[in-house]
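Can you read through this structure? Questions will come right after.
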Amino acid sequence: MCGIFGIVGHGEASNLTYLGLHALQHRGQESAGIVASDGHTLRAHRQMGLVADIFTAPVIENLPGQAAIGHVRYSTAGGSGIKNAQPLFVNYAGGQFSIAHNGNLVNATELKAELEAEGALFQSDADTEVVMHLLARSKQPTFEARLVEALRRVEGAYSILLLTEDKLIAVRDPNGFRPLVLGKMKEGAYVLASETTALDLIEAEIVRELEPGELVVIENGVLRTSMPFKPAARLGRCIFEHVYFAKPDSVLFGSSVYEVRKRLGMQLAREQPAEADLVIAVPDSGVPAAIGFSQASGIPYDVGLIRSHYVGRTFIEPQQSIRHFGVKLKLSAVRSVLKGKRVVVVDDSIVRGTTSRKIVKMLKAAGAVEVHLRISSPPTQWPCYYGIDTPSRTELIAATHTTEEIAKYVTADSLGYLSLEGLGTAVEDPKRSTYCTACFSGQYLTDKLSQSAGGATKLSA
Amino acid sequence: MCGIFGIVGHGEASNLTYLGLHALQHRGQESAGIVASDGHTLRAHRQMGLVADIFTAPVIENLPGQAAIGHVRYSTAGGSGIKNAQPLFVNYAGGQFSIAHNGNLVNATELKAELEAEGALFQSDADTEVVMHLLARSKQPTFEARLVEALRRVEGAYSILLLTEDKLIAVRDPNGFRPLVLGKMKEGAYVLASETTALDLIEAEIVRELEPGELVVIENGVLRTSMPFKPAARLGRCIFEHVYFAKPDSVLFGSSVYEVRKRLGMQLAREQPAEADLVIAVPDSGVPAAIGFSQASGIPYDVGLIRSHYVGRTFIEPQQSIRHFGVKLKLSAVRSVLKGKRVVVVDDSIVRGTTSRKIVKMLKAAGAVEVHLRISSPPTQWPCYYGIDTPSRTELIAATHTTEEIAKYVTADSLGYLSLEGLGTAVEDPKRSTYCTACFSGQYLTDKLSQSAGGATKLSA
Amino acid sequence: MCGIFGIVGHGEASNLTYLGLHALQHRGQESAGIVASDGHTLRAHRQMGLVADIFTAPVIENLPGQAAIGHVRYSTAGGSGIKNAQPLFVNYAGGQFSIAHNGNLVNATELKAELEAEGALFQSDADTEVVMHLLARSKQPTFEARLVEALRRVEGAYSILLLTEDKLIAVRDPNGFRPLVLGKMKEGAYVLASETTALDLIEAEIVRELEPGELVVIENGVLRTSMPFKPAARLGRCIFEHVYFAKPDSVLFGSSVYEVRKRLGMQLAREQPAEADLVIAVPDSGVPAAIGFSQASGIPYDVGLIRSHYVGRTFIEPQQSIRHFGVKLKLSAVRSVLKGKRVVVVDDSIVRGTTSRKIVKMLKAAGAVEVHLRISSPPTQWPCYYGIDTPSRTELIAATHTTEEIAKYVTADSLGYLSLEGLGTAVEDPKRSTYCTACFSGQYLTDKLSQSAGGATKLSA
Amino acid sequence: MCGIFGIVGHGEASNLTYLGLHALQHRGQESAGIVASDGHTLRAHRQMGLVADIFTAPVIENLPGQAAIGHVRYSTAGGSGIKNAQPLFVNYAGGQFSIAHNGNLVNATELKAELEAEGALFQSDADTEVVMHLLARSKQPTFEARLVEALRRVEGAYSILLLTEDKLIAVRDPNGFRPLVLGKMKEGAYVLASETTALDLIEAEIVRELEPGELVVIENGVLRTSMPFKPAARLGRCIFEHVYFAKPDSVLFGSSVYEVRKRLGMQLAREQPAEADLVIAVPDSGVPAAIGFSQASGIPYDVGLIRSHYVGRTFIEPQQSIRHFGVKLKLSAVRSVLKGKRVVVVDDSIVRGTTSRKIVKMLKAAGAVEVHLRISSPPTQWPCYYGIDTPSRTELIAATHTTEEIAKYVTADSLGYLSLEGLGTAVEDPKRSTYCTACFSGQYLTDKLSQSAGGATKLSA
């Protein structure tokens, strides 16, 4: 998954981009990059690691100019490694341009083969590079026209920022898979970001989300907008952004992420009630849903697991391995809360089931007499081809096992998932007609995938 | 403040010490160190920074042996810098020894002057070095006897671990200011740590806390205990460990930290009620008290502030400075929760008041119509001389201002502190006869300070 | 300037490449890179800095395979920065390939414009990328045929190594500007390197230099050779390699670099004799010529300047700046040798004159009564367009000043350059018909430049 | 071995100390440190590594003040590691002081035991710490008087710089083992350094060497001198400084190091002639003696071995190990010079013989038909206890083997050492009555060692 940020019209463009990327750090921790334009020349800095470690004062000073775009990356398409760090940056016939992409193109392989057959060189594994080649090869007279022509050929999820010497361009794909929000600073600079939390940090006013299929150009302080693509058959806003990915203080697709998550928990309490003494969360992502579950069920909310402030670092595993080592470095159980209690523990999703299993065992080892695992989304059964980094179907436990089997595997006394209908209710779209729920339903929205996967039968059926 | 950890009788002594220190990282982030003994030679590694960054596999491999002690440090006595990183490590007439100290000696300055007059050299600013000199100068025949003679001369707070070529020694001062807990691993190794959370991580069984004034020697797999010091007039267990310092999953001085904090919040709700729509915490330290406040008051608990997972890093401040910059990098307000609401916000303490002020302003900027600040401890009016790093009296806002003045400064609609009595109730010692509450009451327990500060009148009186 | 190295058919290909690059480190200190093939996949590591700092054991382990190419770079065409570090590495229609280039293409700008007009993207500033695009766009059926078609379009200096999944290819341009030598290891592996010193280090047998215009393919352990290009009008082996650039223990263009340099000094003594008490060198590059000068003139050779072993690091300049600061960190004068003496000091060339001036002043400050500067090559008056990093004409002191003016500027008592004829004699090609001497004569050999610069009049004429 | 530097009375004291240490880097590459005084407080920075890597601009800025001392270290007494990095720095009854020591104390072990018995703590392995303890324990009224009392107790080699808040003190032991030279800057600042090369770099005027047994105090811009120690029975200036250790452009013990080395080579040619075609040096240390040998013998000097500019870095050894790997990374043989020639190769000394063996083999592999190894000093048979880092006797090849045996081991056609008499002649002290030659003669000069080792019979006798 990735996060993108751009700003134009501000003397501290690269510094604000770095702060914006920090606010979006939860969207990608593998690498980060900024490309800035001083009106004549683009300069880039990309590196593996965290935003605050990469962008020191001397690095920022070497990125002068009034406009900049930035990117944080957790690998999706393409492997990891510095060559895939974005924003990508090239020279072409029209000068220089740079691109930062959140999403994933589903027809990149075919387009890449076609381009290579025409002599194109690919220097990264990123599907994003396909867009750059298509743009450079276009015979259209302007940069925007070239870009539109290029994007008309691609299929999939893209919220994209582009920077040339003199303009910043933002585009959101016609399905609107990934978020992209426009803001404005008091001094007049325009800002674009994956989530509102980045705008809040730098005190930009939130103007609005870009429309699905909208293309915005900001040049000489003027913003122009257009809808140059054929509208998608229907919207496909990523529901998993609400379930897990986005930061809870963000407002996304018109709804507060925090409130959606609380409603998921409330609905979950209604659908999957449990006899218990207390409700706890798997912190931090499970907290809002756990509070919602508590409020709807009347079972008191408490803190049964403490999240370490020092996770995310690598550790040397002792030879006499500690049980649940990985989870223990991240989470500690609060014995006094759990001892002798029947506990509802709320998490956002189960991927492989291994972490859930460790958590349930930790809770029991700390004295919980019953552990009822409640998941604030439906079973994750299908891989995402639109930008979320999920494993293949065979690794998704819910693709190959029933809920009962999973409950047994994770050693929970009971396991309950939210229904698809309940999920729709929480996002105030009961029929899920404006959201993509493919990871839960297998209903992919793009032509290519809806044909191949649409007819797939559930492996565990 | 500091954290200490020791283990003896385990083939992976330094590796487990490193994990133990990681679990105690919240007690000190400035530097960390481990000294290990292979039975003949002590080896040390000390460095500025975080445990997980310092102790890489090659570093751990260079610390072989069955016994090790470790230390994480946030400066108290003595300035910062690598020379003050512990464990300290010296050669003396009897061989080698190393020491890791949590606490602060109140008569270190006098003893240091006396020792220097006799020709002693001091290579750090740490009061701990005084103990080493006294020990080395003792004419007693054994290491323990030397240590006892040395410690009889010092006054103040100390939980200390010492490592020689062939034994591990642990001592807790007669007032019992700082915690120190004994554990045992399944394989038979003894473990000592500042807090139980470190024992939990490495799956050591918690045996018991050391008694105030107890000295434990572990040698050749055998543990001997003694009470070699004159008992203190009364116990002085640090109440601030419960209020703020310890990790909530630890059991400290016989009580669960988490439960104490919840009771602080419950008592606070009784003493300082507020008309409000919801209760939020300043995360993460204020969470248990906020939940307690919610349960006692019946006002719903919710999450109004999100803590970033990437705090603790340094940032380049933009020139057009963002309001409340420092706080914003750490905390984000959840607008949807706060908008139009009367909010009780619970924090553990107020030091200078500047952060509280920023938080209150952030909450109002995010839409809260009333902000009622509730503090789960009494006003912090006196510096700690027993190991907590508090600023001087003149910087403590509560030492020089009334509660009304503070409320006005932090721009809260109301401000309420917990009473000293309430604090005692929460730790189940209503008269506070076994706890040190000097930071709140000015009643210092050691001879030297009780004379000087005991008669002091409150500056703001 | 750059150095290249390649090996195929050896289980430690990347390790030997790293040693080979270390031996070629004098050819470029800005960045280094290795690309290795395991038969299926190419893996790359490129970084700013020195070979021995970049290629640690874990980095080498991540470059498995029986074949590898490497590159050390000091910027020529294209600015500095990681994006220009070689070997370059791309995917194209036929799979993956990598390229390492020593030299400079004189028609890169025109070709780049043409390629960009067709939609090509350029990700580096390197002229080398032009070759990659031409190759990828070729419609020829095989990799070699594509490469030949590509190289037929370029003009200039190139010794190139290419690596695909299954073969190593080496090419030398028809003029033979840059060296490239073939070697063979006892175990059968083929090796290619810019200079023989790299083969000596890894104990490869020196087979022969590649012919100008020769293309060698090594695949499945078999070496095929061909001469696919139109022969150049005449050879243009870079005479400056002998004068300064190559390592003295190398054998280059059939002659020992060390012996050539000694002969340069001998001829210089004949052409530009001096009345003096001793001959010293500007170390280390001036040493062979100084010994030759001494032997031919009978004036004793001695060491008047000591080179620091710790140069090449950056230094903080004191505010009260030390005279000749930069030179002093590199060179120390030996007072006892110089005091009261008339000194001949031999250097290989003068570029801007500033360093020579500092050296002459240092020698006089150390007691030399006369300083006679002798240069073992003719005046450097023309920039190199074939791969040596020389400044523009206006910065070349000999392009704008007479020898007398230069002598005065550098404060030498006399200044003597070697003649072009003498230079030819030393390389055993009195008419210079097989060497490029453009930096001294302005006679550029490639079509494009011979037209433009051939008619240029000397600025200082 | 170590190098020391001090300056007082200059606004850029720490910056000039860093430059001075860089000039002395050849005296120690393991660690470096600077302690500076701003008149009130001493500040230290010590680190493993090279001067230019350690002292970056921010580090220098944190060392303000008009006075500073610095140290470069290669371990002698005491093992390696950061705790032994100097200058050492302590607090004592009189305030703060720091010490930088070049040399080695022969009675440190006894004094250490005595001090430890009195309760002293030792934090390093350095014998230097003994001096600090003795000083701190002295009951004398002034710092100088304490220092004198302390130094009267020690025996051995010491050139020492001490820094207090307000003065810089320099002392040289009564035997004068190690050099120490006084200089003065134009602006009036006094400078002290191990060698004149450091004064030359910062353009300080060389005033004079300190006398053996002299103590100099510089305070408030005034220099006071005294001779407070009992004169030594005789001088013992280290002859190995001239043979190998010092930088050739330095003037040491009144003689130019370079000239002494040339005279060593001339005398060697007379004592150990050889029939040969050319004389080469093992660079760089053997160069002056090789030139002297050439001049005295009339055999032409040439360059047969090239020293890499990139040595001193660690390397990954290939599994199929290259013959003479270590030497090959440092030295390359020049085939064209050596081929078919009878070669005299001059080196300064032989320690274990392994490197000499590799060099002789390299020369033969490069075509030399005869290799005559000539050593510009007598056989190294005895360890140095005065500060040079030599291995134990059993590892010194000349302590256990005859010259013939060594010649055979190193595979040389002949081997000749300089005689002790010849060595004396070269330093203009034929009877060696002012030099220590213990490493060659076994005649140790200090009481303690002259008794124990004086009567020793040569192992190989």
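Letters A, B, C and D mark the chains as written, and numbering starts fresh at 1 in each.
We take it that a residue touches a chain if its C-beta (ideal position, glycine included) is under 8 Å from a C-beta of that chain, and two chains touch if they have at least 3 such contacts.
All values derive from a computational prediction rather than experimental measurement.
Counting only chains that touch, the fewest steps needed to get from chain A to chain D is 2.
Seen from the C-alpha centroid of chain A, the farthest chain centroid is that of D.
When the interfaces B-D and A-B are ranked by how many C-beta pairs touch across them, A-B comes first.
Chain B and chain D have Cα centroids lying 49 Å from one another. Inter-chain spacing, taken between the CA centroids of chain A and chain B, is 37 Å. Not a single residue in chain B touches at least two other chains.
Inter-chain contacts occur between A-B, A-C, B-D, C-D. Per the touch definition, chain A reaches chain C in the complex via residues 44, 83, 89-93, 113, 116-123, 132-133, 136-138. Remark: chain D residues 12, 15-16, 18-19, 22-23, 25-26, 50-53, 55-57, 60, 187, 197, 200-203, 247-249, 251, 256, 258-259, 284, 287-288, 291, 295, 300-303, 306-316, 318-320, 322-323, 328-329, 332-337 touch chain C in the complex.
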